[in-house]
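Each remark here refers to the structure printed beneath this line.
First chain written, first letter: the chains are A, B and C, and each begins at residue 1.
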Amino acid sequence: SVFPGVLPLCHWPLAWGRATRQPCGPLQPLGLPLAPCRAFSNNKILVELDESSGVATMKFKSPPVNSLNLDFLTEFCISLEKLENDRACRGVIFTSAVPKIFSSGLDITEMCGKSTEHYAEFWRAVQEMWLRLYSSNMVTIAAINGSSPAGGCLVALSCDYRIMVENPKFSIGLNEAQLGIVAPFWFKDTFVNTVGHRVAERSLQLGSLHPAPEAHRFGLVDELVPEEKLQEKAAAVMAQWLALPDHARQLTKSMMRKAVSDRLVAHREEDVQNFISFISKESIQKSLRMYMEMLKKKKS
Amino acid sequence: SVFPGVLPLCHWPLAWGRATRQPCGPLQPLGLPLAPCRAFSNNKILVELDESSGVATMKFKSPPVNSLNLDFLTEFCISLEKLENDRACRGVIFTSAVPKIFSSGLDITEMCGKSTEHYAEFWRAVQEMWLRLYSSNMVTIAAINGSSPAGGCLVALSCDYRIMVENPKFSIGLNEAQLGIVAPFWFKDTFVNTVGHRVAERSLQLGSLHPAPEAHRFGLVDELVPEEKLQEKAAAVMAQWLALPDHARQLTKSMMRKAVSDRLVAHREEDVQNFISFISKESIQKSLRMYMEMLKKKKS
Amino acid sequence: SVFPGVLPLCHWPLAWGRATRQPCGPLQPLGLPLAPCRAFSNNKILVELDESSGVATMKFKSPPVNSLNLDFLTEFCISLEKLENDRACRGVIFTSAVPKIFSSGLDITEMCGKSTEHYAEFWRAVQEMWLRLYSSNMVTIAAINGSSPAGGCLVALSCDYRIMVENPKFSIGLNEAQLGIVAPFWFKDTFVNTVGHRVAERSLQLGSLHPAPEAHRFGLVDELVPEEKLQEKAAAVMAQWLALPDHARQLTKSMMRKAVSDRLVAHREEDVQNFISFISKESIQKSLRMYMEMLKKKKS
């Protein structure tokens, strides 16, 4: 079965990866076992870095629903940048520490009854989060252990690979239209690049939330697993991606994604102004208030 | 199974839609039941508007094959504009009143042995039809109850959703290449946005007419139903799309389709001239004459 | 089942094709049977043209692995141009005369330890091969009777149709990332146009080689057949494509592919310079040397 000139993936020398997976430094105490894991945490996100594998895990721990408010987004960007600059880290797994929800998406309270300045600051943070995640040099895997509507879906879409718990009660999708609002063009571009134009057109117009099995059927998520196998599967997929030489993989990723991220970079301020003028409309504010009241009623 | 922050589609308040679904006006006679349905008709198209649901039906009734000649296209555009401007109408279902055929596409007699002026007028009408339909603010559903080649397929492709009778004797596709002609770039763009680049490349080069089950398999139509269930299904799908707030759905649709419709708008006159110079070639005229004679023989 | 206005493919008059399928000329000896087949060959490629069908076969015969070195690429371009200008030829089937391998792709020895001038000459030949094949006016079918990594996969992707032997030991894909190098943007564009953005993004980053059944599942190849049926199947598919009028098919093909080939034409010299500066890096040269040594060890 072996013919000359073609090399099976598994034979590729591991030396291709960054040579920095083993922690080292001038202060490393001699004779002691190497610390295999470093962790840092802030209010809303817990980060653990396994230095032996080069893989970090970012756990969203902002109950009740990991909503993406200004604080969360800021912590997310800082944590991601820290890992991006840490040569011991080559890949990140994103998952939730809150049961049944991956992330509920952008926090509506940030978009309701606030000042123009606040809307601008919030929207820049959303852009920043996406730009950093979508064009990260690290391998990024979403381990989706709960529902993931709207901005939560965007976080998953921006990763290199999506593994979701197979529970059909968990759903995922860009359901903005249901709230009377419109996903921005770069949410749409990210979605189209994942599921194709037709599926995106239909799903975005209907504001569909797809149960995990349906999301898997049309490629919105790459794989389904039982909840108890999620972390193990994420680690295995990560190892497969890390078997490739970083440099070639990063250049390839950039080639695939640059056109879409450049489009936001080129229109960033315009996009902020569009968001402000849209969200400031009285009709939109009314819609969001109605939506929030409905959520409150459901909780009580 | 319910968790905070995620809202199932069916719970969305119906109030999101236009508030004009109930007929009202200064002349409404008191105490009488509201007229639930208005109809207008011209020679080739019958339009019925159910004001209680906000849904119109446009029935093509131009035997033998609902071919898209200048008169048909003109009536189509006028009818569509009327509905677009009627605040009681939020969605349109397109279907055929002629057995076994949805629409046979552009009328070849309009492209054969006519003057340059006629070709220009005809082509502008084809462009107009597509621009209005593809970017309609209303929800548009094709209830395809017969074969739908070439321009007939374009009408279906330009809708938001396609339901086809599951009869494998009914086929659909952009089969222009079989006639020795070439689908214009905006037919192609509409097709690519529905089925993807590869399927479009192969299907357009082969001028394929796909039996309904095959068309469904690769997404050229969204759903197949038995003939007797077609109208019921179309109404159910329409209700699902109308459950969304019009404004958000319309902006989303525009975001998905504007790049493609803008491309024709920017090159409209050039596209007319291309059509004229192509169709005026003696070799093309000969091809079309051969094709028409073959059709005549098959009929007799 | 027959209705007016729609014509099944099989009834289309064969006269649509070029009228030159029968060999003729002033020197044709009278009374003798017409020579149905012409052949020409050079060192690395054998070409046979069946004048009765208008179909040529190009057989790659450059053991051990049909690698695309400068000589092979030059012969390929000359042979293709010859057929392109031969009015007796309407379609080409590409296949391998070497067991188990279609083509192993670009020859690494051409990219290792050579002069800048050599890299430039080699890369221009790769560009030339792709531009001619991807925009050929003839119907092009890849009859893939062995593995087809990297540049071998590009040859297949650039054809109109891909039929592969169903043997799961044969694999195909753009696996450049595994070698520490990056597929150029026009490899990527060709790939995306065939399998879509998401599949391409994942496959290119992982440098995946897909066993034939997997490649078929996501559309990288159009059809699988047992090895002994490959030539028969290729001929049957070719006949189906040749049933269409050449002129309409060619214009349609150009409409589908021109944007992508124009992109290279517009950036051709820039692409050569990019290749040179990338391949000249010491780290890349080291990677390629390691890879070649590994291949040598596997052989011995």
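Details
Here is the rule we use: contacts are C-beta pairs under 8 Å (C-beta built on N, C-alpha and C of every residue); 3 or more make two chains touch, one makes a residue touch a chain.
Chain labels with UniProt names: A, B, C = Enoyl-CoA delta isomerase 1, mitochondrial.
Quick caveat: nothing in here was measured; it's all calculated off a predicted structure.
The chains that touch subunit B as well as subunit C are A.
Homomeric contact subunit A/subunit B is classed as different-residue, with under half of its interface positions used by both copies. Here the spacing of subunit A and subunit B, counted between their Cα centres, is 38 Å. For subunit C, the set of residues touching two or more other chains reads 196.
Across the complex, subunit A meets subunit C through its residues 1-9, 11-13, 16, 160-161, 192-196, 219, 222, 240-241, 244-245, 247-249, 251-253, 255-257.
Residues 64-65, 67, 100-101, 104-105, 146-147, 149, 169, 171, 175-183, 185, 188, 196-198, 200-202, 204-209, 283, 287, 290-291, 294-295, 298-299 of subunit C are the ones that touch subunit A when the two sit in their complex.
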